Amino acid sequence: MFLKEYISDVYTGVTSLLKGMRKTGYYFLHPKEIITEQYPDNRATLVLAERFKGEVVMPHDANNEHACTGCTACEIACPNGTIKVVTKFDITPEGKKKKAIDALVYHLELCTMCNLCVIACPSDAIKMVPTFEHSVFDRSKLTKILNKPASKIREGIE
Amino acid sequence: MGAISLIALLVAAIAFSAGGILIGKILVKGSTNPQKGQPYECGIPTNTSPWHQFNVGYYLFALLFLIFDVELVFLYPWAVVVKKVGIIALIEIIIFIFILFMGFLYAHKKGALKWS
Amino acid sequence: MFSLEGITTTTQNWLFAKFDPTIALAIECIIVIFLAITLFAGLGLVLVLMERKVAARIQIRLGPNRVGPGGMFQTVADTLKLIMKEGLTPDSADKFLFNLAPFIVMMVAMLLLAPIAFAKNFQIWDINIGVLYISAISSLSVIGILMAGWASNNKYSLLGAMRSGAQIVSYELSAGFAVLTIVVLTGSLQISEIIAAQQNGWWIFKGHIPAVIAFVIFIIAVTAETNRAPFDLAEAESELTAGFHTEYSGMKFALFFLAEYINIFIVCAIGATLFLGGWMPLHIGSWEAFNNIMDYIPSSVWFMGKTFLLIFVIMWFRWTFPRLRIDQLLNLEWKYLLPISLLNLLLVAVIAILGWHF
Amino acid sequence: MSNEEIKEIISSTLPSATYDETGEWLNVIIDSKDWKKIAAECRNGALQMDFLFCLTCVDWKTHLTMVYHLTSTKHRHNIVVKANLDHAMPEIETVCDIWRTAEFHEREVFEMFGVNFLNHPDLRKLILEDDFKGFPLRKDFEDPINMIKL
Amino acid sequence: MYNQTEIIKDTTNLGPEGELIINMGPQHPATHGVLHLVVTLNGETIKKIEPHLGYIHRSIEKMCESLTYRQFIYVTSRMDYLSSHINNLGCALLIEKGMQIEVPERAKYIRVILSELTRIASHELWLGAMAMDLGAFTPFFYTFREREMITEIMEETCGARLTMNYIVPGGLMYDIHPDFQKKVKAFIKQFKEKVTEFEDLVTNNIIFQSRTKGIGILSAEDAISFGCTGPVARASGVSCDIRKLYPYDVYDKVEFDEIIETAGDSFARYIVRVKEMNQSIRIIEQLIDCIPEGEFVGKTKNVLKLPKGEFYTRVETARGEFGVFIVSEGGTNPYRIKFRSPGFSNLSALNHMAAGSKIGDLMATMGTLDLVIPDIDR
Amino acid sequence: MNISAIIFYAISALILGAGILAVTSVKIFRSAIWLLFSLVGIAALYFWMQVEFIAAIQIVVYVGGIVILIIFSIFLTQQSGKDLPKPALSKTLFSALAALFGIAFTFNLITHYGFDNVSAAPFNASVNEIGMQMLSTSSHGFILPFEVVSMLLLASMIGCIVIAMKTSTSDATPLNNKED
Amino acid sequence: MELKEKDNQAFPGIIHETPGGGIVVSTFDSIINWARSNSLWPLSFATSCCGIEMMSTASAKYDFSRFGFEVARASPRQADVIIIAGTIVNKMAPVLKRLYDQMADPKYVIAMGACAISGGPFFYNTYSVVKGADHIIPVDVYIPGCPPRPEALLHSLISLQEKIKMGMTRDQIRGEFKG
Amino acid sequence: MNEIPLTHILFASTALFFIGMYGLFTRRNIITMLMSIELMLNSVNINFVAFNKYLFPDKLDGIFFSLFIITIAAAEAAVAIAIIINLYRSHNSIDVDDATEMKY
């Protein structure tokens, strides 16, 4: 019967639409469902997963010492040449020449946060930290030297 | 206030739009480059204009619309007086609408209301 | 809470008492111009912000809340920026029509303001063919869109314009029939009389089922006529990148944007006037006390309340439904809305003649 | 079907085909001229190899090798067909009338390796710019401007 | 570097009477990413669609030839970034197969759980994006609410939200986070509550149905002939789930159904994906409580050398069969590497599916194909 | 010379100017737009004459319907960007002369006749009146034409469908080119 | 430039939190800059992975409509800022240039992710990747990361707001300003 | 408004009529000719209304005539355009010079 299915068409269509409107209407009436985190205002309370790979840093302890031996394992491990290890030779008290890093250059703009360098590092001298506010107006600001000026290699790391 | 208000409204519209556009024109000087004037097409250059013959699949609907539009026009005076005239008006309009409904059903049967 | 009742009459009397008619008329014109422009600007700001807030609430977001208290100045900032943005005109476009189109759209929106009763005795021109006038003028708006679409000389624009041409044109019919039902019940086209007829109850209550059906059809039709989702094929984001105003930028684009919202306001105002009694407070038969309490609320508040309710419903549609396809859209009109509203009209006629409505 | 059966079916159509079973699947090494014949046989014959799930090319600096991975959605057996092409002017019959997916894959191989597929409906560049020079996936490809060696 | 003269050549030309040739993409809201379709229109009807690829061709296959076997894994998570974990898994599996590395059970379980989580995340995103193509904006936000939970889990365990590089040959990079299981259970709970929303909002919606039912039909034969895999092929009734046919890791231990629809239209594709999400939940529920203790990475040499020969592995990503084909000369990096990406084959069927329908249908068809362009261009 | 007179001359200027442009413009789309303006001007003239009903009808039917239809048909049949062929100069001259002569002739007729018997009786063309008379079955009623109109519309509708559908079967929208 | 230093001590966006939501009503310019910085409409332009993170920035959790960015325009004529989210390859470069050229002034560019900044993972041994989007169009703000988290994108947007708000002469407003 | 004499309105309508006629003579393109015809019809309408208003204010016949004229014009336009499009589909042109010798 043509008329019957015509009416039933109208009926089913309208009801299905009303169902959808009920859903959205529910959310409109329940502000507690809002899940927005207001980023710049919640900076104080914002906690990131400690594993989040934001950038590579080289931890320095109180008397400005790091654990990097300049073995360039990270440079080799890095898939896209983000790390350049510049080594120098300095004289140990015993008078022996000893290899140490002059600068560990790290191009943040190239890094893909793949963590391979950290894994490769034999002496855990570098690690990933969950920072993300790196926006800059000038690309050259993104090239960093990880070891602090005048920092020395910690004793007892070969 | 009478029909004069329409003119006032027209003036208002023109003043509003023109004012806005002019401020922009005066204060903003845009950079120019050869690309800027070309039509936008998802970033792909185009040298063909849409101004060639273009197949409007739904002109048939426009035809039918015109007919029904005229019918609508005749219904307005009827609607105003139907309460006063009473049952006669009803009969007349039922005839009127019935005849046109025939046409509507015909169109439906011929599939004129289906898409292309 | 102030009420606009009588303001117009007093001012008019005062003016005509003070000056000679021509000057008074001129002054009135200037007042009207001023009011209209402020109304436009105000409505634009409010409606756009409302749209974004409603969308945010439905989409479990916060929405604009950083510019000004609660994001109140967000749209102000947008407007300023749009004014201060460069207005491009493509080289290959038909420059004259391209620049004319926004004006047309604005004029149409503006002209539609004339017969709307914002409050008791607060109406620019109580034209005697009120609703017919409205449906006539609103059928002009499609011209602006077609012009813009063709003059842009851009394929997306042309497609969008064609679509909205077919769409607006068809949905005018069912909108007209829905309006006619009320005309039948009232026996007049004049806005003021239509409102007066709802003194003892709004048509949507008095008119039984047919009035409700007409109301639903009206809402659907005007949603389509104003190119709102789910009928926004004219500027279907995902199909034709921005539809008929793809090539517009800066203030010209802002005018289209504004006109869209003004049209929404106007059609909702019409809907409120025809079906929900305009500024008429909610009166129920013979409950004197209740009616008196209702009368304390100023009429402008009633009008605005009803209008914004309808506007909210239309926004609710937009943020719930997917978009129709052009042929489905035309099907909906010609297969469902048109026959139903035709029969509905006859039904109403019977009711009106037999006087079954209270 | 076991590799043996596959082998004899193929040998019955093409005696010259040689086999190599060191890899995971049966490899059929054929001469590039016979490819069309084998392909039709594999697709429509008893093997029912209706699913060409990988089509690529390898550049051994001396020659190119087309590699077709075929499987059958009916019998669930896979074979790998290989055909060696001349490095100077590689040519092979297209199979995009047998497996329609081959059309795009062959276009890709065409621009990446310069293999010329005979009777291909439209053998144009699919991925690279139209004015791109050279065949990037060949071993001897050099692009001093864009390609920075690590 | 790029002056005006280098603007690429015009791809459109004046068609015959009544035909309009439109470029969709590279920058187009509906072609997620940078697909470029040259669509020949007759009025509103599509006559022909010609995809132009390569706007995100990053020459991954070439650069992998100069990366070591440890390094090249991370690149694959940039191809099909929505199922990056599964891509990594495929490469790792190949290396393990080639070098007979023993992978500890624990690692296998975790890999599978993460893969399924990735699949759900991908389908959630697809659902939102497709609804957006059809003009419904709100579902996008609801799907992302659940997806965010997954990305949080990923972030906590793998250290990245999207392109996690968590798998190393022989196991995992590091052990899972202590409250991994807790979080996953919480996610499953919420997901089961919220998935019904889409019944009301999308699945049963009359507009949505009328826009997807009978649109972009792909028959089973065509699906096979076009090499389609994944949900696209399964919606046409082709059984092609790698997890069933060639089980890897612990997929043979868990029980789940391969969703098969026969209609082959956009709606079937939609249904298949929605049901697949539930199956993934089922798999996770079976595994999450019985992750065995033990090592998370097997014993591997420091420098990996794949023996001479050719290797092929396939895994089931969210889009279908992802194959890795490596030709090794026995060195530390592959001699030739070829990624068989599901999207490439699925796209080749687009013209066949969409020709003759309306522009609006193109959106529905493309949306349900669930294309990821970098996966196609590589 | 008061406001309404000014308005009248402005409106007529709009009508005539737009009309002239409509028949002379070389871009067909533009001439359609000019035609539209001319029609709107005529509607305004009706407004000015206080026959609002006819004015509204004018807009609804002509602007809302016919012009849209004309624009659609332009897109269907024209290269709307292309300029129309210029008519031959001789032809232009001839037509212009003919038109001018006709104008002069009629003007002179009108001015001589003068229409001095203008009756100042109030004129009431409210929709109510129109409706009453349209539906009245009396000798002055228009009920017969009213019903005939419906027949006319029916006929034209069927005519349109028959003519249009005749080719729209062989219409250039093939749904069967799945193979390519 | 000195902005970066300011970044380091004070977080961008906190600085202008004066009552009234950071409206700095000093001169005409600053009003205009306030308006522009607060209604940056992005062009929906995402090429790869970073685009997904851009989507999640739009999603309900980190909802960038709070800043008024949600009006993503599909047409460059109406957009104010391109967020280059993803790799730019040689075939895409002219398209990007075109889109940028077709935008109406003033226009700003954000390079999101390692790829957009410098080619990132695809810097070495690739024949088709543009080594940094700023070879093609001027870039205002760079966000490192692969992909950057949504918060990072928000941070960069706020930095861009800062850049617009502070010291730009009338001429710079008129669109000669290049990042 | 009565100080506008009827003749001025008639002048306007006459001018419009002959403008339409001019268009009808010069244009060779059926659609533009159709436009010209519409103009002429409108000028006639103006006359009807004007006469009715000025000369016989007590009757409404002029109004009704213009009403029916508009109706007929609509029907005529609809059919005409259907024919035009059909014509175009059959012989790829709607130029009268080509259309004249075609037996339709």
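As written, the chains take the letters A, B, C, D, E, F, G and H, and residue 1 is the first residue of each chain.
Simple rule for what comes next: a residue touches a chain if its C-beta (ideal position, glycine included) is under 8 Å from a C-beta of that chain, and two chains touch if they have at least 3 such contacts.
Small disclaimer: the values here were computed from a predicted structure and weren't measured.
> Through how few touching steps can subunit C be joined to subunit H?
2
> Would you say C-E or B-G is joined by more C-beta pairs in contact?
Pair with more contacting C-beta pairs, B-G versus C-E: C-E.
> Tell me which chain's centre, taken as the mean of its C-alpha atoms, is farthest from subunit C.
D
> How many angstrom lie between the CA centroids of subunit C and subunit G, rounded to a whole number?
Spacing between the chain centres: roughly 37 Å.
> Using mean CA coordinates as chain centres, what's the gap between subunit E and subunit F in Å?
Using C-alpha averages as centres, the distance is 59 Å.
> Measuring centre to centre with CA averages, how many angstrom lie between subunit G and subunit H?
Computed value for the inter-centroid distance: 58 Å.
> Just give me the whole-number Å value for how far the CA centre of subunit A lies from that of subunit H.
74
> Residues touching two or more other chains, restricted to subunit A: which are they?
If we look for residues of subunit A contacting two or more partner chains, we find 17, 20, 23-24, 34-36, 38, 48, 52, 79-81, 112-113.
> Residues of subunit D that touch two or more other chains: which are they?
In subunit D, 128-129, 136, 141, 149-150 touch at least two other chains.
> Note the residues in subunit E that touch 2 or more other chains, in rising order.
7-8, 17-18, 20, 22, 26-29, 42-45, 54, 57, 59, 62, 66-67, 74-75, 138, 140-141, 145, 148, 163, 201, 205, 207, 352
> Please output the residues of subunit F touching subunit H within their complex, sorted ascending.
Per the stated touch rule, the residues are 2, 4-5, 8, 12, 15-16, 19-20, 22-24, 28, 31-32, 35, 38-39, 42, 45-46, 48-49, 51, 53-54, 57-58, 61-62, 65-66, 69-70, 73-74, 76-78, 84-85, 87, 91-92, 94-96, 98-100, 102-103, 106-107, 110-111, 114-115, 117-125, 129-130, 133-134, 140, 142, 145, 149, 152-153, 155-157, 159-160, 163-164, 166-167, 170-171.
> Spell out the part of subunit B that touches subunit E in their complex, as residue ranges.
33-35, 41-48, 50, 52-57, 116
> For subunit A, which residues count as touching subunit C in their complex?
Touching subunit C from subunit A are residues 10, 17, 20-21, 23-25, 27-28, 31, 33-36, 38.
> Could you please specify the touching residues of subunit F with respect to subunit B in the complex?
My answer: residues 3, 7, 47-48, 53, 57, 60-61, 64-66, 68-69, 72-73, 75-82, 127-128, 130-132, 134-137, 143, 146-147, 149-151, 153-154, 156-158, 160-161, 164-165, 168, 171-173.
> In their shared complex, at which residues does subunit G touch subunit E?
Those in contact with subunit E are residues 43-49, 51-53, 55-56, 59-61, 72, 74, 86-87, 89, 91-95, 97-99, 121-122, 124-129, 135-136, 146-147, 149.
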